[in-house]
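Working notes, beginning with the structure itself.
Going by the order they are written in, the chains are A, B, C, D and E; count residues from 1 in each one.
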Amino acid sequence: MLVESLVVSGMIFVIGTLGVIVRRNAIVMFLCIELQLNAVNLTFVALSRYVGIEGQVFVFFVMTVAAAEAAVGLAIIISIFRHYETVDVDKFNLLKW
Amino acid sequence: MLNALAYESWALHALIWLPFVGMVHVLWAAEERAKHLALRWSLVVFVLSIGLWWAYDPALGGGYQLVSSRSWIAAWGVNYALGIDGISLFMVLLTTFTTPLAILGAFNYIKKRQKPFYALMLLLEVGVVGVFSATDLFLFYVFFELTLVPMYFIIGIWGGERRIYAAIKFFLYTAVGSLLMLVGILYIYVRGKVLLGVASFAFVDLLQIPLTTGEQMWLFGAFALAFAIKVPLFPFHTWLPDAHVEAPTPGSVVLAAVLLKMGTYGFVRFLLPFFPVAVRHPTVVGIMLALGVIGIIYAAWVAAVQPDAKKLVAYTSVAHMGFVVIGVFALNLNGLQGGLLVMISHGISTGALFLLLGMLYERRHTRAIDEFGGIGRVAPWLATAFVITALTSIGLPGTSGFVGEFLALIGVFEDHPGVGIFATSGVIFAAYYMLPMVQSVFFNALEKPENRAVQDLSRRELIILTPMIALMIVIGVHPTPLLRRTEPSAQMVIDRVWESVQLGEAIIEVDPSTDLGAAETDDPVGTATAADGAE
Amino acid sequence: MADVLFWVFAAVAIGGALGVVVSRSPVASLLFMVVTLASTAGIFVLLEAHFLAAVQIMVYAGAIMVLFLFVIMLLNLGHEYKRDIRGAVAMTLGFVVTGGIGGLLARQLGSGVSGLEANLGPGDAIDAALREYGAVGAIARPLFTDYVVAFELTGILLLVAIVGALVLAKKAA
Amino acid sequence: MELDFSHQAHFIVALAPEIILSVLGIVILLMGVSSRRPEGAETSADLGWISVLGILAAALANGWLYSVTEVGTHSMIALDGFALFSNWIILAGAALGILISQSYIDRQGLQAAEFYGLLIYSTVGLMIMAAARDLMVIFLGLEIMSVAVYVLAAINRRDRKSAEAGLKYFLLGAFSTGFFLYGIALVYGATGSTHVSAIAESIAGGTAHSALLVFGIALLAVGFSFKVSAVPFHMWTPDVYEGAPTPVTALMSVTVKAGAFLAFLRVFSVGFPDAYESWWAVLWWMAVLTMVVANLVATVQVSVKRMLAYSGIAHAGYLMVAIVAANETAAAGLLFYLLTYTLMNIGAFGIVILVSGQGEERLEIEEYAGFGWRQPVLGVVFTVSLLSLAGFPGTGGFMGKVFLLQGAIEANLVYLSAILVLTTVASYWYYLRVAWYMWMKDAPREASTQSIEVPIAMRLALVICVVLIVYLGVFPGASMELARSSVEGMSGVGPGLIGLAP
Amino acid sequence: MQADGLEPAAAEWEPILPALIILLPLLGFAINGALALSAARKSADAVRAGGEFDFFEGGRARTHALPTWVGPGVMLLAFLLTLVNFISMLGAELHDPWVHAYWAWISTGELEIAAAIQLDQLSMIMMMIITGVGFLIHVFSVGYMQDDPGYPRYFAYLNLFVFFMLVLVMGASYPIMFIGWEGVGLCSYLLIGFWFSDEAKASAGKKAFIVNRIGDLGFLLAIFLIYLVFQEVDYVAVLSDAESIFVYGGPAITTVTLLFLLAATGKSAQIPLYVWLPDAMAGPTPVSALIHAATMVTAGVYLVARSSVLFALAPLSSAMVAGIGVLTALFAATIALKQQDIKKVLAYSTVSQLGFMFLGVGVGAYTAGVFHLMTHAFFKGLLFLGAGAVIHSMHHALHHTHKDWDAQDMRNMGGLKKYMPITWVTMWLATLAIAGIWPFAGFFSKDEIIWMTGAMAGAENAPYPMLYTVYWILALAAAMLTAFYMARLMFMTFHGPNRTGAAEAEHLHEAPRTMWIPLAVLATLSVFGGWINVSEDLRESVLGGFGLLPMGEWLHHWLEPVTEAAHRVQESRLGEVAHSAPFGGGEVAWGIISFVAALAVVLATVRLLGRSEVPVAVEDTEPTGFARILYNKWYVDEFYHRWVVDPVLTTSRILWRVVDATIIDGTVKLVGNGARAIGWVASLFQTGQVNRYAFLMTLGVLVILSMIAF
């Protein structure tokens, strides 16, 4: 089941990547990033059966990181929403060139 | 007396660092005292430097004298190592001689922001003296680059209309070359570390490193580019007219008199001894001689049609430096000696020309040749000084200009008569560019009322010009004392170029594995697997 | 049985992931995300990571996603159905690039199907630990011994996140 | 004192500076909470000084760690010279960053306690990154740092740009984190470990699964490249640097970059030396692209902050050369370069902070016209910093560049060295452009003639920067020796594989 | 060779203070120069104020009083010193030259060029001419330049010129000669442009310098080549070894001598570089006399004579020398026929006479060449000074009535003999001399040249017999024309009706004493100067005065030590030349030549005197047809302008505008701007849109993964 899991996680990862590229809604983009993290988790878990229990420990860490990022990321989104009244990233282009 | 003072042990250090002290002093002092202080400090340096004439004893051979060395960056084997030989002796003297005169020449020219100006002039002196007295390649490079900054600001702050353009062009152009040279320097150094196990930048150590022909060619290219831009050699010369025209008088003076010499000095000091195999290569010699000759003729012709007097003189610098280049790449003693003498002479005469043009500019606020006319009537002394200097510049026998060109030409003629013929035609074109300018400015009718008001030389200006003109004639009449001092060192350089025939070839035989063919593929692994796709 | 389950979970997870990307509504995206997380948790179970599966459901799907939902509601984005997917060109390019990456991954992972398993040995590396310490204990032991430093670091990380969220979300003066 | 980490408590010793900083962070945060003054009247000075003192204490601890030796290389936290030198760099950057941000915080009405607290925690994260030998620990360090800096970038809530910078940084940062993490996973799968020594052993022993490994390495490279902002993962840099509050920009351009590079170097030259063949070409091209693109784009910038952002990218390109070279000289060069880079960038950003004044309005290069003559001392400081960034002799930047070049040439990367110096020429253009505006143009008539008030903290920072820049440019010997001894044994890339040694 | 090793072993003859001969004029230059600078300062202040400083208000200013004594004074001393040395050398039977090195001028490695003086018979003759004629011209100048504000400057230049001229002839090596060679060119430049406020005059000086420099190129290259062959540049070493080192007629020697020829054509105004000399008449007339007639322009002849052995070894070059000489002689003579400016006539006459000298040295008659050089110095100096006196007088006259006529145009003169009798007489003597009428000086010198040309044509092993025969005929033609145009000059100036106008005529006057005394001295020399070298063949005949004329072939014997090597080569290669002249011996030729000349004078007389009215206004006398071509000097200047000067200028402009500014600098700018343009384009990727950034990052990942995967 290892290779299958890896492939599935790879697919989810790639879908997440695609989402980041094509969505303009900051929250959805962030969701897609979470998707990527989730895919990595799957990889870790799949590998842990063959390598060792640390893989599962790492997933634990990754979840923590995801939580921390979610807290901060959503705070940032709230913060920028206050300025722009939107979460469409295309509208945020004061900074360019 | 020099011995009693232990002159040899501290002279070079003093020459480098006294201007620095002076710089601090100038910055510290009041604005209105700045120029006098700067002059005094530079004079002190000059007076101290005179002792070098006696301290350097050509009878001891052509090696370095007044040597002193301290570890500077031990980790890299960099030393703060100073010393002079016959070649650098005169470059140092030229610098210390020119700087006070340039400073004096700035007295009326620089009206605003005097303190930083004089401070930068002194800093420039630090750099240049350092370049000429360093015997450690790293130290040399540091000083070499250090000279750019003050010059950049001198041109950029106190220059003319397009000063910024000129300053940045000067800076970037010369930086391109010198940075590639830095890579070359490090390459040699690393080779030394690997092949000889010696981590050192000292010239003497670097000369021991057996470099293959291929390496020598590449390194020659890197070094030659740096110096060719600095010289400037055709076709790398276009920064020079801009820089000269826009620079304030003292800047032009130092630029012409000293900074350009760093390039030709580099030719003599590094290209010839470090890469003898490359230098001997017929193609290389051919290219360098061709560029030199083209420079001589081309620059003369272009100079002849310049409407701007300063630009004209700038182009003449290119032509003169062409003589130096052909002299040096004649690869014989006469040529080299001639090249060295042209360097000295050009330093004095072109420096003086720029000073004179500066004086004219101060009076008329223009440099357009057409704006003048008949100045000789109202400023006869100025005209006299200018004519003498111009004649030196075009190499009239009896002036310093001739001796150098004569030797350079005789040297190049010995081995490359064809080149010699073309180069010699430079004497015609020198007259062709210089005399019309002299005529248009100083002769002809005094038509414009502005020109009628032109004042003759002041006492200060006379003090500036007198030593320069005196030197032009003294060197022209009796250059032998100079030549005696440069001869042993020049001979060493020439010997090095020719005697290393065996050296280079022997090394290739001994250790073929060190032939870094791989150096050109940039493939550190040697097996270009991923590299193939990447490259 | 396990294989069938695996493929079901996998299909749902991938479908959910696609749903996240293509849904117009952020809320829908979020729900699809929860679906994916849940089915991933199912796969975790199949892969003998029971504790993680639980955490995944509780923390990830439960807490974090709720936070998302909360923010979506706070910002009143729930009713925004304006398309925010980029145009055809961007989509195409996106597909090409991500497809390329996916292809490469598949090639690299797939090419070594046998190699990988041979290389890694039998999939019983954690069996002993699970047997000895149980699902939680097996994770807890390395967490508090070998990875104690990392564990402490997560503490700092969370502290930073809290402070950061506070700083930003506080209403501007 | 010897540490073998047989007991977890040994970590308390090994992590003494980090622990001190963490405590400091809490103290600062608590002080901020307890003495909340009405906004607007808030002053950052006391908190700032306390932070600096705390960092000094951490630095003392770091110095003390030199007397501690570590047994073996199996620990997750390295206690080698490299880590300690890295700490110097990061701590110096943090302290100087705090010094230059004090006046800014007051001016912009930011929340001082949170600002300093996050800054200190980002420092902790960076130090962890630089010292960690385990990819997971590196990842956590990276995240601590990143989360703190996401917030810092967006901390000016009154400023749209700041918020936008925070969002961009966050989204792209998290995105790259995904790749980085995936890379860890693949390496973990390929070698069975996340510990760099173990990874190296596994690769050397041939037990690693190469298909997974190379992708893992590539994705790790991507993750690091994002943090060090190497092309093409640099896109966020100019925007974020421009939008973030200037002190944060300064911090990002020095400590963040330093920490990322230090971890990058450790992972790649200790963890993957035997896979050198598979990654050098990638990094070679990335270095080239970074140097070329950044330097060229920087030449057309009109905002000083943005120009410095591209300059930062360009420097990342130079530092990438060291990673490609992967020998001890290059590693030492990287350390030395980062040290000087920290100083000169802080110096430059300090001036930008002073000039930009209230509301960050004066960021265009035009604003600097005649600045040098109005504020000669500041002008000189800025000029020295710029010259150092340009790599001019007499400044630390030059020595650093030579150090890097030396490493590159020892690794036979002659073309890369040539490209490095040629792109440096392009960089002269934009650095000198600022200098020419400062000294060679006259100030616009309407420009305020009033002199800029320079707070004491800023003065201190600028003086330290300039003095050290010049000191490192003139007497680099001691620091170089230290850098050199710090990297002993760092590069596992054998001299037979690269380099000129026979 | 060591500096002090230059002295030959047997130097029993010691000159008296030879260096002083050189230094005296230099001293004069220094003093006059200082005075000039000080005067110029005074004058400059006045000019600034809008006027002109009057140095003569309240007596002569010190700056203008002193040069009167210093200028000619140093020359007199130098002349006396030269004379003393000359006399002592006369008695010394010196064979080897006396050489003394004062210091090592250029000394490096193998190359040693000493600042050395060489005294021998040739240089002694030259020194005598230079100091002697020079002294006279200085004296003349005192009168001529009396009222010029630049008086001290004038003397400074003149002294400097003499200094360089002495260096030229006294130097012991080619490089030292080159110092003098260029130095006199410089002085010529300064003196031609003496009145530099006049653009035409300043330009003339410039032209002289630049054209001279073309010749100097040849000199330099010749020196280099000699050095290449000999590793030596001293006369003693080079000339004594030349026979053994060079192959007779070989490429090396031919090249060297051709290069010397190039040098000589520049300095001595031969085809194709003669164009500067007529323009050089812009300078004060005494200058024309001294520099552009008597001394400097003869440097080329001196050079050939000095290197006689080299030329003797190179028959082709010698033939070229002779050919250029004779062509120039004829060509310039034709131009002189139609010139209206009195000085222009003399200028072309000088070019023509120099051609004769070249012919002489070209056919191996080195002595004859030098001989003609000497006599030419006398009579042409005299002619110029006479012309100067005339111009001086005309100028005064025209000045008084404020008439803006040209004081030098002969059409404005006529009948001056009444007013200026001394000038008239002396100039006629010189005219007869230059025309080659027996027994004046020119007869003996010029006719020896023509005779030798004929002799060459008939020599046993004559290299190009036909060529020399042509030369001989051309030379005769040129000699005839000489007589003709000189007679024309005299008649237009002194005879016929006065055309100045009555009011002006009242102010015409004889030259002052300082001016006519030199005229008289030179007239004497013009009459008797030729007697020092009466051919032995001629001695007993009518033309030789049946032995009454003294000192047969004295100059020939005197110069023998200098020319013997050349003669030796000639004899060994060509056989006995001297007795192979056409028409048997010498007398017949002599007779013919003298007859031809006399005939020409008569023709001219008839032609001009036959015409009662000589038109005055310029427009009336615009010549037509062939005369027009001659009047316009064969349009050579125009030709040069069209085909040399303009192309060079145009090329220069193209080089500057196109090559330098556009191509080279354009490339530089392109690199710079191109880099920035690329930077700008690259910055366009920075759109500020996060998706796009993410996309590019992903693309980067894809590329990296592909790089690694494949």
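By definition in this document, a residue touches a chain if its C-beta (ideal position, glycine included) is under 8 Å from a C-beta of that chain, and two chains touch if they have at least 3 such contacts.
These numbers were taken from a predicted model, which means no experiment stands behind them.
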Task: Set of chains adjacent to subunit A and to subunit E - done: C, D
- [ ] Just grab the chain with the largest centre-to-centre distance to subunit A, centres being mean Cα coordinates.
- [x] E
Task: D-E compared against A-D, more contacting pairs - done: A-D
Open item on the list: On a CA-centroid basis, which chain has its centre farthest from subunit D's?
Closed with: E
- [ ] Please compute the C-alpha centroid of subunit A, do the same for subunit D, then give the distance between them in whole Å.
- [x] 25
Open item on the list: On a C-alpha centroid basis, what's the spacing between subunit A and subunit C, in Å?
Closed with: 7
Open item on the list: Between subunit C and subunit D, what distance separates the C-alpha centroids? Give it in angstrom.
Closed with: 31
Task: Intercentroid distance (Cα basis), subunit D paired with subunit B, Å - done: 41
Open item on the list: I need the residues of subunit A touching at least two other chains; which ones are they?
Closed with: 6, 13, 16-17, 20-24, 26, 29-30, 47, 50-52, 54, 61, 65, 68-69, 72, 75-77, 79, 82, 89, 92-97
Task: Of all residues in subunit C, the ones touching two or more other chains - done: 86, 90, 93-94, 97-98, 101, 104-105, 108-109, 116, 120, 146-147, 150, 154, 157, 160-161, 164-168, 172
Open item on the list: Quick check on subunit D: which residues sit in contact with 2+ other chains?
Closed with: 136, 140, 143, 147, 150-151, 154, 157, 166-168, 171, 175, 179, 189, 192, 214-215, 238-239, 278, 281-282, 285, 429
- [ ] Using the contact rule from the top, write out all pairs of chains that touch.
- [x] A-C, A-D, A-E, B-D, B-E, C-D, C-E, D-E
Open item on the list: Quick check on the complex: what are the subunit A residues that touch subunit D?
Closed with: 6, 13, 16-17, 20, 26, 29-30, 33, 36-37, 39-40, 43-44, 47, 50-52, 54-55, 58, 61-62, 65, 68-69, 72-73, 75-77, 79-80, 82-84, 89, 92-97
Task: Complex contact set, residues of subunit B against subunit E - done: 169, 172-173, 235, 237-239, 298, 301-302, 304-306, 333-334, 337, 374, 376-381, 384, 391, 396-398, 402-403, 406-407, 409-410, 413-414, 417, 420-421, 424-425, 427-428, 430-432, 435-436, 439, 442-446, 452-456, 477-480, 483-484, 486-487, 490-491, 530, 533-534
Open item on the list: For the complex, give me every residue of subunit D touching subunit B.
Closed with: 276-278, 280-282, 284-285, 373, 387, 392-394, 398-399, 402, 405-406, 409-418, 421-422, 424-425, 428-429, 432-433, 435-436, 439-441, 476-477, 480-481, 484, 497-502
Task: subunit D-touching residues of subunit E, taken from the complex the two chains share - done: 672, 675-676, 678-680, 682-683, 685-686, 688, 690, 692-694, 696-697, 699-701, 704-705, 707-709
Task: Of subunit C, residues touching subunit D in the complex - done: 104-105, 108-109, 111-112, 115-116, 119-120, 145-150, 153-154, 156-157, 159-161, 163-168, 170, 172-173
